[in-house]
Amino acid sequence: MIIKLKRNPKEEEVENLRRWIEGRGIEVMTSVGANITILGLVGDTTKLDIDLLKTMSIVEDVKRIQEPYKAVNRRFHPEDTVITLEDGTKIGGDNFTMIAGPCSVESEEQVIEIARRVKNAGANILRGGAFKPRTSPYSFQGMGTDGLELLLKAKKETGLPIVSEVMDASQLQYFKDVDILQVGARNMQNFHLLKEVGKLDKPVLLKRGLSATYEEWLMSAEYIMSGGNKNVILCERGIRTFETKTRNTLDISAIPVLKSETHLPIIADPSHATGTRRLVEPLAKAAVAAGAHGVMIEVHNNPEGALCDGPQSLDPEQFDGIAEKLKKLRKTIEEIG
Amino acid sequence: MIIKLKRNPKEEEVENLRRWIEGRGIEVMTSVGANITILGLVGDTTKLDIDLLKTMSIVEDVKRIQEPYKAVNRRFHPEDTVITLEDGTKIGGDNFTMIAGPCSVESEEQVIEIARRVKNAGANILRGGAFKPRTSPYSFQGMGTDGLELLLKAKKETGLPIVSEVMDASQLQYFKDVDILQVGARNMQNFHLLKEVGKLDKPVLLKRGLSATYEEWLMSAEYIMSGGNKNVILCERGIRTFETKTRNTLDISAIPVLKSETHLPIIADPSHATGTRRLVEPLAKAAVAAGAHGVMIEVHNNPEGALCDGPQSLDPEQFDGIAEKLKKLRKTIEEIG
Amino acid sequence: MIIKLKRNPKEEEVENLRRWIEGRGIEVMTSVGANITILGLVGDTTKLDIDLLKTMSIVEDVKRIQEPYKAVNRRFHPEDTVITLEDGTKIGGDNFTMIAGPCSVESEEQVIEIARRVKNAGANILRGGAFKPRTSPYSFQGMGTDGLELLLKAKKETGLPIVSEVMDASQLQYFKDVDILQVGARNMQNFHLLKEVGKLDKPVLLKRGLSATYEEWLMSAEYIMSGGNKNVILCERGIRTFETKTRNTLDISAIPVLKSETHLPIIADPSHATGTRRLVEPLAKAAVAAGAHGVMIEVHNNPEGALCDGPQSLDPEQFDGIAEKLKKLRKTIEEIG
Amino acid sequence: MIIKLKRNPKEEEVENLRRWIEGRGIEVMTSVGANITILGLVGDTTKLDIDLLKTMSIVEDVKRIQEPYKAVNRRFHPEDTVITLEDGTKIGGDNFTMIAGPCSVESEEQVIEIARRVKNAGANILRGGAFKPRTSPYSFQGMGTDGLELLLKAKKETGLPIVSEVMDASQLQYFKDVDILQVGARNMQNFHLLKEVGKLDKPVLLKRGLSATYEEWLMSAEYIMSGGNKNVILCERGIRTFETKTRNTLDISAIPVLKSETHLPIIADPSHATGTRRLVEPLAKAAVAAGAHGVMIEVHNNPEGALCDGPQSLDPEQFDGIAEKLKKLRKTIEEIG
């Protein structure tokens, strides 16, 4: 961390600041130039409150030189985190994970039919929304606990582990048998929820916020990990840009950058990233080529009648085709390195 | 609402779609051109699920012509909403509201001292954070319920109504004597929280999300109002842009645009919008000149030592000066119309 | 195009507007509802000035239903454009193009060495900057015409066609023997330059502006094509987002979306998109997987000493490795379809 | 400037780097910590190429501590720049400038009528577009040199100095009698044009680019000033954001921030910033309240028939009212300080 002091600071004040910082176990190096005095902080500055420093009267600016995250930081945990679900399914490292299923759970018939189809096509995990975050209070809000029941039936029927979104800590009680808790993009900085899921040891799939930076996203993962839960999966689902022909813009760079910054698994969701069925295949391929640990794809047995997010859902036959292609592509990527 | 159909749709399918829409009490006008068929929907399309429509096989695109919000819409409620607090303080309409206080409550001495000072300077409402949303789990998270206690003491001492942020529905039990519930920018689309505060009749100050559009913001207000709570105050607090010299970018246009779109009061928070003490005055003036119903300003009795957001806090003396200027400016604005 | 009229328009004015539009050979369909009157325009609205329509007193809003571009529109030109350079090199369609070379031309030795190396690795075209757009007037501005001379020597030496950026129409006189004119991101809406290159028949590589939408980008291509020059290549080079760990954000969706919207070739520039050497490989792979017609990659024989854009340049050996991988990946993509 | 070195750099390489920098007259302070080595550069780093530094093998990251601009920097020129036009009109400092006129010049009658009206209302300068940058090649491109002729007639008739946009350096020959050259938002980084207008001594009104940061904008002004032309006026005209209800988003913070960063005059253009007639008044007021040195407002004698940008133009009567209000508001702002 670099602290730039205001011009001509009083020596006494500089001394006080220096002692205050050193009292936190951090080494301070002072550089005095003609017009400028700079303090270089060396040590674990993760827990130093940058906002507090900025308030001090002799401080003009503070810049971080090192990342403010620690538990998620690959620098301190060079090995990939590999998460193992109850049934042995592994996420992260050299494993490639395909998560598929409907945006919203709508009926027993629907979810079981889709679960069977995506399992046959090679999916490892079933996704399905029971609690649905919707921009409008007048849109379908999901089946709630009934939807979770149906997902659990599909899990029992097919053996596929399940992932579903939890929108509020008060709903966690219903997720005991759900394998992976999804925290949605709009809740990425719902810090209360992050703290609560941080107390569990259930894997959490943390979606990136619509306009979140990598650092903010990693800090949200840090919230979960600092609570004790080591099982975090990051999911790039597209960011907001000025483009209107796609719902969001898949930030493909997130995959290689985050693989370097953190040891956590990172997957891509091309369905939400584009909002368009036709774009799911090219973007899923791009994610595989860029090194993603997996993809999450929406599949519906009757996309025409889906209660939400229909335009981006594939039917099971289309998913068969894409799953096949992704497996071949993944093989090439492994071969060429 | 305008529905553009795919090329050469089957007549039967068009007829089905038309009947389905008309069954919802909406009139459908069909325009058939050489290359294009368009359906124009006339009536209350607010409760029509635009996503569902887009899933239909014959639909190419759907565009709204009317706003998707109803309860917050000035078109249906031409009169300004004026909110009256228990002590008679009014917000909205022709009233001008000054909310001031510390970012975080830190001690009894601090909050009472500031409350007295800002009241003397003309503030109508005291702000103070007890539960603090922080990007890092390692930053100060607020005094919690103890903080609320201190705010209530300051209220008793000075008579000023208070506003404080609620981060999660589970905290609502502690806010019984708080006059206005603040929903923060990062929770603007925490739909569970919106629904819960929608069940109360306590005023809610709803901050705009960092990258939210006006429509999304108004839809979040609609969540609260559709739950029965009519007392919503909108607060523009700056949006995220590419600029890094300010923390956020105050969107001054939000004030006149929202005054036209909705009957709800709209105020501006120049402290969070800029993150810089020096910019609070010019931006507060701009907000007054643009017609804001009020401003919310951070004041700290010792900005050097504030535990959070210090760089943007004024000291009480600085606030005295600004409050005086804003009152004069407001008078000129009222005079010139 | 859909025109929403203001409430209760005068019949006479509606009739005037309708006649005015029909006089431009466009059919008008009127839909009158209880609260709203909508005109649906059917026909070639490309040349209708949407801004002019919005000025009319009875018009509340105008929305396009069809794209405002024509010459670049795949709807009217279903076949892929394939551009053939003088030496027979083809760009677009089923061809895969690798453009490589230094950011800036620095010396004869440098550019010839790199040209040889990238040709051996499989590159089809040599890139090199002679006129350099730099944010600061104090940064190296390129070798200018001397740089072009060196590029032409490298072309003569290796047979590789060359592409170089033209920053102003007054420089076009120096580009007679350059195979492809590059129009840079900051000049994407330099309409004078677009018109001037539109008068030539030399291929133009048009980079996307930092914050341009697909539509704006295609409209800039339309400027060139409407001038008579049919040989436009689009190049996605990353857009500005809030992320700071990468210089720009490669918008991978641009590739499949633009392949559907237009018949023009589209390539990706992972070097500028990321600004980081280490990210060039994963993003180049992603571009290939997403279906790009080619990639443009910066290669420097001594990245440590490059006068500009060094951090994103590969050395020839690294390029050898990537080129090899991209060719294998491209083969897999062709096989799996 | 702060240079963060890679881990465990070779001492010899550090020494080389240090000598290379010191050779440029800059003092280097080295701070060595357990895990990190930092070089602090003190002196005039404006002309140091940050990109070049980043290329060096031992460098991990470079951060600026001081601004990269010099000629425009208030730090080195504490006094406000005041620009005096031929007729004595002053811009900057304590002067308040009202620029008004049509978006496009359309006819002699139109431009003279408007010139008279805006002069009577108190405008100091007449604006009018002759060369028009338009997104579509099919939109009206302006009257060109004929338009300039008409502007000059209006200048002769009314005595108002004139400002008009130059889109390309090749057009500069026609601007000899134009008082202020406008460089448009899309040309803010047309470096060739900036260099050419930098060679003149005619005042330049430099609009901010649609997504430009303050620093980029100031660097473009630096291009002009470093060429020798000291007469630059900055014009905030709205930036691109996610909001669609306004054409652009007026960044009101730009005014106080730039008044602090630079000595150059800064004005606001509420017409282009919003694209909506009804929003011009509140935003012009906000700009005055925030301390702008002036405003630029579009006025049309028949907004219904304007060939471009009609929806944002006021008619002369509306401008009378606004001009009156702005003068009163400006008086209050001067009084309250």
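Here the chain labels run A, B, C and D in written order, and each chain numbers its own residues starting at 1.
One rule holds for everything that comes next: contacts are C-beta pairs under 8 Å (C-beta built on N, C-alpha and C of every residue); 3 or more make two chains touch, one makes a residue touch a chain.
These numbers were taken from a predicted model, which means no experiment stands behind them.
Look at the CA centroids: the one farthest from the centroid of subunit D belongs to A.
Chain pair with the larger contact count among A-C and B-C is A-C, by C-beta pairs in contact.
Taking each chain's centre as the mean of its C-alpha atoms, subunit B lies 40 Å from subunit C. Subunit A and subunit C, compared by their mean Cα positions, are separated by 32 Å. Each of the following residues of subunit A touches two or more other chains: 211, 240, 242. Across the complex, subunit B meets subunit A through its residues 46-47, 49, 51-52, 54-57, 68, 133-140, 167-171, 186-187, 189-193, 195, 210-211, 216, 219, 222-223, 226-227, 240, 303-311, 313. Within the complex formed with subunit B, the residues of subunit D that make contact are 211, 213-215, 239, 241-246, 249-253, 255-257, 260-261, 273-274, 278-279, 282-283, 285-291, 324-325, 328-329, 332-333, 335-337. Of all residues in subunit B, those touching subunit C in their complex are 2, 4, 27, 29, 31-36, 38, 40, 42-43, 61, 63, 65-66, 240, 242.
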